[in-house]
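Got some structures for you, see below.
Two complexes, one shared chain (chain A), two partners (chain B, chain C).
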Partner chain A sequence: MKTIEAPIQKKEIRIPSNRLKHSFTILLLISIIWLSGWKVEFSITSLINGLPNMVDLLVELFPPDLSYINNVTQPMLETIRMAVLGTTFGAIISIPIALCSARNVAILPIISIPSRFLLNLVRTIPDLLLAAFFVAVFGIGALPGIFALTIFSVGIIAKLTYEAIENIDPGPLEAMTAVGANKIKWITYGVIPQVLSQFMSFVLYTFEVNVRAAAVLGLVGAGGIGLYYERTLGFFEYDKTSTIILFTLIVVLIIDYLSTKIRERLI
Partner chain B sequence: MIEFKNVSKIYPNGTVGLNNINLTINKGEFVVIVGLSGAGKSTLLRSINRLHEITSGEIFINGKSITRAKGKELYRMRRDIGMIFQNFNLVKRSTVIRNVLSGRVGYHSTLRMLLGLFPKHDKELALKALERVNILDKAYHRADQLSGGQQQRVSIARALAQEAKIILADEPVASLDPITTKQVMDDLKKINQELGITIVVNLHFIDLAREYATRIIGLRVGEIVFDDSVAKATDETFNKIYGNPLEKQDVVVMSK
Partner chain C sequence: MAQTFTSTPVKKKNPLRKWIIIISICFVYIWAFSGIPIIQIKETSSEVISSIFAGLFQPDWDYVYDPAGEDLLRGLLDTLAIAVLGTVIAAVLCIPFSFLAASNMSRGKVFSGSGKFILSFIRVFPEIVMALLFIKAVGPGAFAGVLALGINSIGMLGKLFSEEIESLDLGPKEALIATGANPIKAIWFSVIPQILPSFLSFVIYRFEINVRSATILGIIGAGGIGTPLIFALSVRDWERVGVILLGIILMVVIIDFISGKIRERLT
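Presenting the complex of A and B:
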C-alpha cells in the first residue's frame, strides 16, 4: 500500500510547480510583446485613423483593369524563367556546400565550420539587398535578378539538405567504408541515395519561394514583373496594380499546386 | 589469413577494449567469437578491416599489414574483406540489385562509379550472388520492402559480389527470428564450404556457435580466454567465458 501512495504524493507536489512555471512563461511572453510594441511606438489610434485611407485604396484597386494582362504577360514569363534559372544554379552550388556542412560527411571541423559560416552569412543577406547589389554590379535587367535568386536559393537548399544529410542512417555509410570505397564513392553510394528525394523536394519548394521572391526583385531593377508594380503604383494606376496582384496570385497558386503534387510523389 | 600481433585497444576514456591479443585465423576457417556484451567481440571484429582503430600492435591480412595501410592500399585491402552487420546496413530506398552492386565500387574508377556505370560482368555477378542466397526474384524490389531475413541475405550477396576472401559478420542474426536465423547461418556455412571464404562471426548464442563454427574464440574483458575447436568447447568453457557473476545475479533477482 505504501508503495502505491508514494508516487501520487509526488505528483501532487509537482503540479503546482508546473503551473507556476507556465504562468511565469505567459507573463514573460506578454511583457516581451508589450515592450516591443511600446518601443516601436505602436498605436491602435493611428491604425483606426488610417482605416479610411485603406478603404479608399481598396476601392481604387477595384475593378482590376484586365486588359493590362497583355502588357504584363512577358514580364511574368520572365519572372518564372528567372526563378527556374536561379533555383537550378542554386541547387547545383548547394550540393558541395551541403556536403561540406554536414558533420557526418565532413568529419574534419576545418571543413564544416567555414562551410557553415559561409552558409549563415548567405542566409543573413535579404534577397532584395542581394538584387540591389548585383544591379549595381551588372546593371539593370534579369541577370542580376538571377544571380540574387541563385545565392538566395543556396541559403535555403544547402541549409535544408545538410540537415537532412545529418539525419541519414549511418549504417550504409559504415557498409561503404567496409567495402573499400573512397570518399567520393562513399558519398555517391552511401549518402546521395538516402537524401536524393528530399533534396528534390527542397529544390521544388525553393522554386515556389523564388517565384514569389522574383516578383518583387523588379522593384530594385533586377528584372521580372516587380518593375510593373513600381510603375503602376507610381502613376497611381491602382486598377492595373490589382491586375498584376491577381495575375501573380494565379501563377503562384498553379506553381504551388503542381510542386506540392510532385513533392508528394517524391516522398 | 588474419594475424593479430600484440593488439590492444584502449578507448579515450580509459576502458580497455582489447588487451594484448595474439591470434591467427587461417584461410577457410569458420570462426565464431563469443562473449558477453562489452567483452570486445565487436571491437575485435571491426579492427580487422579498420572500422575501429587499434592503439597498439599490428594486424596482418595475408601477410600485409592493414594497420599501416593508407589511402588506396587500405581501400584495396578492405575490398577483399566483406562485412555483414546486425542492422543489415542497406540503403533502404535503393533497389536490392543496387545495394548488391555497391559492393563492386572498389573495383572501378571513381569517375565511373560517380556516373553509376557498372559493367555487364558486375551485374551478372550481382545476380548470381542473389541467386546463391535465394532472393533473385527480389532483385528489383526496394530494399525496405523485404523482411529482415531477406535484407540480411541481400547484405550477404553484397559481400559475395564484392568477391571478398574474408567475410566478417558482426551479430548477423541478433535482430532476426529463429527460422531466418537458421537460413542466414546456413547461407554463411554454405559460402564457407563451397567458396572457401574465411568467415568470422560474432554471436550471442552458444548453441549457434556450437552448430556452425569450426573454431570458437571466447573473449572476456578484452582478452582471449578460450580458443579451440568446437569439440573442446564444453559447458565448463562457456561458464568460463560468460563468468559466474551472471549466475549469481540471476539468483539474486529470483529471490527478490
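Presenting the complex of A and C:
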C-alpha cells in the first residue's frame, strides 16, 4: 500500500509549481520562435509562391543526364583523395594532442587543460569556414581543402581518442610504472596497444565524415566535386546537377558500407 | 605512416593477409599523393601570413555593433534565428516519418522499410546542396537557409526518434486500450510521456548542430553570418574576419554550454 501512496502524494505536491514553470517555458519558446520567424522574414505566402518554382526544379532534375558522369569522375576521385589525405594528416596530428589531453597520461593539468581548450576551439569552427579561410590564404585548389579537412579531422579524432584513452585499464600502466618504465615506453607499451583498434575505427569514421564534407568544399573553391554543383546550377543544367547528386550519394553510401564493415572487424 | 598503423594489430594473423593489407594501403596512399599539387611557397607568403595573424589578433571591434546597418550582432542573431526555425520545422516534420519508420508502430515491413530508406536518403544529402536547391526555389536569403536546415534535420531526428519509439514499453498503451481509451488518447497518455524527454534532448542536440551549420549557409547566400564573413575573406579584411570568427566561436560555445545544461536536466 505504501508504495502506491507515495508517488501519488509526491505528484500532487509537484503539480502546481510545475505547471507555472511549464507555461513559462512554453511562452518563452513560442516568443523565441515568433521572434526568429520575424527575423528571417518567414512567410507562408512566399513559400506558397515558391512552391511552383520548386516543383519545376524537381521536374527538371529528372531524368539525370548520366553521360555527365564521365566529366565528373576526375573531380570525384580528387574528392576522395582529399578525404584520404586530410584524414591521414589529421590522424597523425591528433596522436600527440590526444595523449596530451588525456588526464591519465598527461597528469599535470598544465598540459591537459590548454590542449583540451585548443581542441574545443578547433571543434567550434565548421569545415566549410575553415576551407573558405584556407582558400583565402593559399588560393583556389585541392590544397586548402586538404588543410581544412586535416584540422577538421583533428577535432573529431583527438576528441574521441582522448576519451578512449581515459577509459583504458590502468592495471598495465601501474605495472609498468612499478618496474620503472620511462614515459615513452610507458605510452608505447601501456597505452597504445589498448587504444589502437579504437583509434583506427575513429580514423575510418572520420574518413566517412570527410568524404561527405569534401564533396561540398568545392563550393568555396577548395577542390573536389563541389565546384560542379555551382557550375551546373549556374547554367541551369539541372539534369547534370542531379547526376552529380546521385553520383555523390552512391559513392558516399559505398564508402560508408565498406568502412562500417572494416570497423566491425576491428572492434 | 600507413605501415606502422597496420602492421601492429595484425601481427598474429597469417602473413599473406597482412601483406595484402599493407600493399593495398600503400597503393591507396601512392594514388592519393600522386594527385596532390606541389606546395608552392611564394615570396610574399610570409608577409601574407603575418598580416593574417596581425589581423586575427587585432579584431575590428567597431564591427560588433553598428547602429546604421550590417553588424556582427545582427548577423549572429540572424544565424540563431535560422537555426531555431530550422530545428522547429524539423522537429514537427520528423514525427510522422519516425512513426512510419518505427517497426513497432507502422504495419508491415514495407512501411517501416520505406520510412527508414527515406530518412537515410535525407541524411546523406549534404545540407549545402539542399540550400542551393532552395535558393533556386525561393530566392537567396535567410528563408532558404531555414527550409534547407528544416528538411535536412529530419533525417537525423527521424532516425534517433524512431529508434526511441522502437525501444518503447507498450504495456501502458495496451492497458489504456483495455480500459476503453481510444487510440489517440492511448498514444497521448502512454506513448508521449515516455518519449518526450529524449525527444526534446535530441531536438536540442540537433539545434547545436544547426547553429554550426547556419554559420556556413551564408557562404552560398542563404542568410546568416556567413555572408559578411565570405565578403571579408574575399577582400582580405583580416581584422573583420578575426572579429567574425571570434563571434562565431563565442556563440557556439555559449549555445553548447546552455543546451548541454538543459539536456542534463532532461535525462
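By definition in this document, the second predicted complex is superposed on the first by the 216 of 267 C-alpha atoms of A that agree within 3 Å, B and C clash if a C-alpha of one lies under 4 Å from a C-alpha of the other, contacts with A are read in each partner's own complex, and residues count from 1 in each chain.
Throughout what follows, a residue touches a chain if its C-beta (ideal position, glycine included) is under 8 Å from a C-beta of that chain, and two chains touch if they have at least 3 such contacts.
Not measured: the values here are computed from a predicted model.
In the overlay built on the shared chain, the residue A:Leu28 is in contact with neither chain B nor chain C.
Judged by the touch definition given at the top, the superposed model places A:Ile262 against neither chain B nor chain C. Of the two partner chains, neither chain B nor chain C is touched by A:Ile107.
Annotation for chain A, partner touching more residues between chain B and chain C: C. Of the two partner chains, chain C is the only one that A:Ala215 touches; chain B does not reach it. Looking at the shared chain after the overlay, A:Leu20 reaches neither chain B nor chain C.
In the superposition on chain A, A:Ser197 contacts both chain B and chain C. When the two complexes are overlaid on their common chain A, residue A:Ile254 makes contact with neither chain B nor chain C. Touch criterion met: A:Phe133 reaches chain C, while chain B stays clear of it.
Chain A residues in contact with chain B (one complex) as well as with chain C (other complex) are 193, 196-197.
The touching residues of chain A, counted against chain B in their complex, run 169, 171-172, 174-182, 184-185, 188-190, 193-194, 196-197.
Looking at the complex, you find that chain B touches chain A at residues 49, 51, 72, 74-83, 85, 87-94, 98, 102-103, 105-106, 110, 113-114, 116, 155, 158, 162. Note for the complex: chain C touches chain A at residues 1-2, 5, 8-9, 28-29, 31-33, 35-37, 39, 48-49, 52, 77-78, 80-82, 84-85, 88, 121, 124-126, 128-129, 132-134, 136-139, 141-143, 145-147, 212-213, 215-216, 219-220, 223, 226, 229-230, 233-234, 236, 241, 245, 248-249, 252-253, 256.
On the side of chain A, the complex with chain C involves touching residues 32-33, 35-37, 39-43, 46-47, 50-51, 53-54, 57, 77-78, 81, 84-85, 88, 92, 120-121, 124-129, 132-133, 135-137, 141-143, 146, 193, 196-197, 200, 212, 215-216, 219-220, 226, 229-230, 233, 245, 248-249, 252-253, 256, 266.
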